[in-house]
Amino acid sequence: MLLDMELKGNILVVRPEGELDLTAAETFRKKVDEAMAASGALHLLIALEKVEFIDSSGLGAILGRYKQVTDRKGRVALAGASPAVRRVLELAGLPRIMKLYREEKEALREMAAEAS
Amino acid sequence: MLLDMELKGNILVVRPEGELDLTAAETFRKKVDEAMAASGALHLLIALEKVEFIDSSGLGAILGRYKQVTDRKGRVALAGASPAVRRVLELAGLPRIMKLYREEKEALREMAAEAS
Amino acid sequence: MKKRLNWVKFQFAARPENIALARVAAASFASQLDWNLADLDEIKVAVSEAVSNAIIHGYDRNPEGVVELEMSLLEGEVLEFIVRDSGKGIPDVKQAMEPAFSTLPDSMGLGFTFMQSFMDELEVESSPGRGTTVTMRKKFPAEAGV
Amino acid sequence: MKKRLNWVKFQFAARPENIALARVAAASFASQLDWNLADLDEIKVAVSEAVSNAIIHGYDRNPEGVVELEMSLLEGEVLEFIVRDSGKGIPDVKQAMEPAFSTLPDSMGLGFTFMQSFMDELEVESSPGRGTTVTMRKKFPAEAGV
């Protein structure tokens, strides 16, 4: 799985690409944890624009990051899910625990505003 | 397989879409023969812009149309093959017996000019 | 028993890399019927869950395990997907199928919930030490909306 | 024998609709190695030819026939594709493999030529009345040019 990452202030933006299934979930988990530690970021924004498929393994990886980041008092948000991906997220009740923005830009703006 | 067809003067332009394999070849054969008969067209232009895949069954269907049309003194040309499709056509030696144009428009212009 | 009009069956090593292959094969097989994209996506999720479970739970990720996926087109435009493993089996199937139940600490326990939501029928047969068979069916056209 | 690192095997009804499925499965399996698009396309053509032959020639299009496609990733980054049918077999394999040889009037006789051109190795075993096995191998990375 391809995974693009960028640090914006104290927010780490990660942009996975392709299919977020069991194989990809393992890479995602490892790379995001490493980057959170290395960058010193407090918050995490997962931009899903380029995710074409997600199943419960992918969701599990997102939820795992959520637990770690919120344990350290950070916030996690999602952005840009396609209708198909959004249906899976909703069925799992994810929008009840983290914010789901339409676009990465909008998410960044709000997260930065809340953080300041 | 989707197959778009259009009569331009005495040239029938057919535009198959998708994968030209054994399944598609049967539809292609039947529909093109019917349209040649119904339209009274003399020549045939096969526009391959939207063909993503071709194997020897697809080539066989093209070659079969070639035999029928040239038997009735018509001409057959191909246009718009992608690099992948072109490689298969070339390996089969098709460019030695029928003309392979880059674009449908160019093919139509030349065929119309030669016919007049 | 409904008549089987077409079928494909495959076996593969219990490796995570092969889950993607099972999904594309399922979507390709399903394309015999004229599903819309949302339905195809649901089929992919359900098959992905069943195959992932066989690998993670059935075989505890041992790649020597063999997973089988059998897909059939039945009379009446019904697609059937059967996922089989010869792994460790499920002691209490009813409990396992409950939403949020999982025997792994980091898992959400939603695999069966997704299979149930995205297919019309779900049957699970399992015997501890011998393996698990998950049968899912989806009727074309899909009923509207989730 | 080279060690097998991953494998997928499938059986399907000898129906033309399943050729597309065999191709996508082959491309998906091949994607474990980082082939470029042209190589993937060659793999698809070769598998398509072998499976089409099993259906058209092996079983004379009888959909009750069963085709088997076995794909393996071997040590040394070699992909192996084995296509098997239990159909009528080939009396003279050497002749059958010659370019432009075909027992069907409307066929071009180029199936084996394509398999040979697009793969690094091609082996054909057949016994009349019992069936045919076609084994193809392609080494990664592909050698440049055709």
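Labels for the chains are A, B, C and D, by order of writing; each one numbers its residues from 1.
In this text, a residue touches a chain if its C-beta (ideal position, glycine included) is under 8 Å from a C-beta of that chain, and two chains touch if they have at least 3 such contacts.
Fair warning: this is a prediction, and the values are worked out from it, not measured in the lab.
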Interchain contact steps from subunit B to subunit D (minimum; 1 if touching): 1
When subunit C is superposed on subunit D by its C-alpha atoms, the rotation angle in degrees, nearest 5: 180
Rounded Å distance, subunit A centre to subunit C centre (Cα mean): 27
For subunit A paired with subunit B, centre-to-centre distance based on mean C-alpha positions, whole Å: 49
Centroid distance [mean C-alpha coordinates] between subunit D and subunit A, Å: 42
Residues of subunit B touching at least two other chains: none
Overlap residues in subunit C, where contacts from two or more other chains coincide: 17, 20
Arrangement of touching chains [line / ring / star / complete / other]: line
Chain-chain contacts as defined at top: A-C, B-D, C-D
Of all residues in subunit C, those that touch subunit D in their complex: 6-13, 15, 17-18, 20-21, 24-25, 28-29, 31-32, 63
Residues of subunit A touching subunit C in the complex: 19, 21-23, 26, 53, 55-57, 59-60, 63-64, 83-84, 87-88, 91-92
Subunit A contact footprint on subunit C (complex, rising order): 16-17, 19-20, 23, 37-38, 41, 44-45, 48-49, 52, 55-56, 106-108, 110-111, 113-114, 117, 146
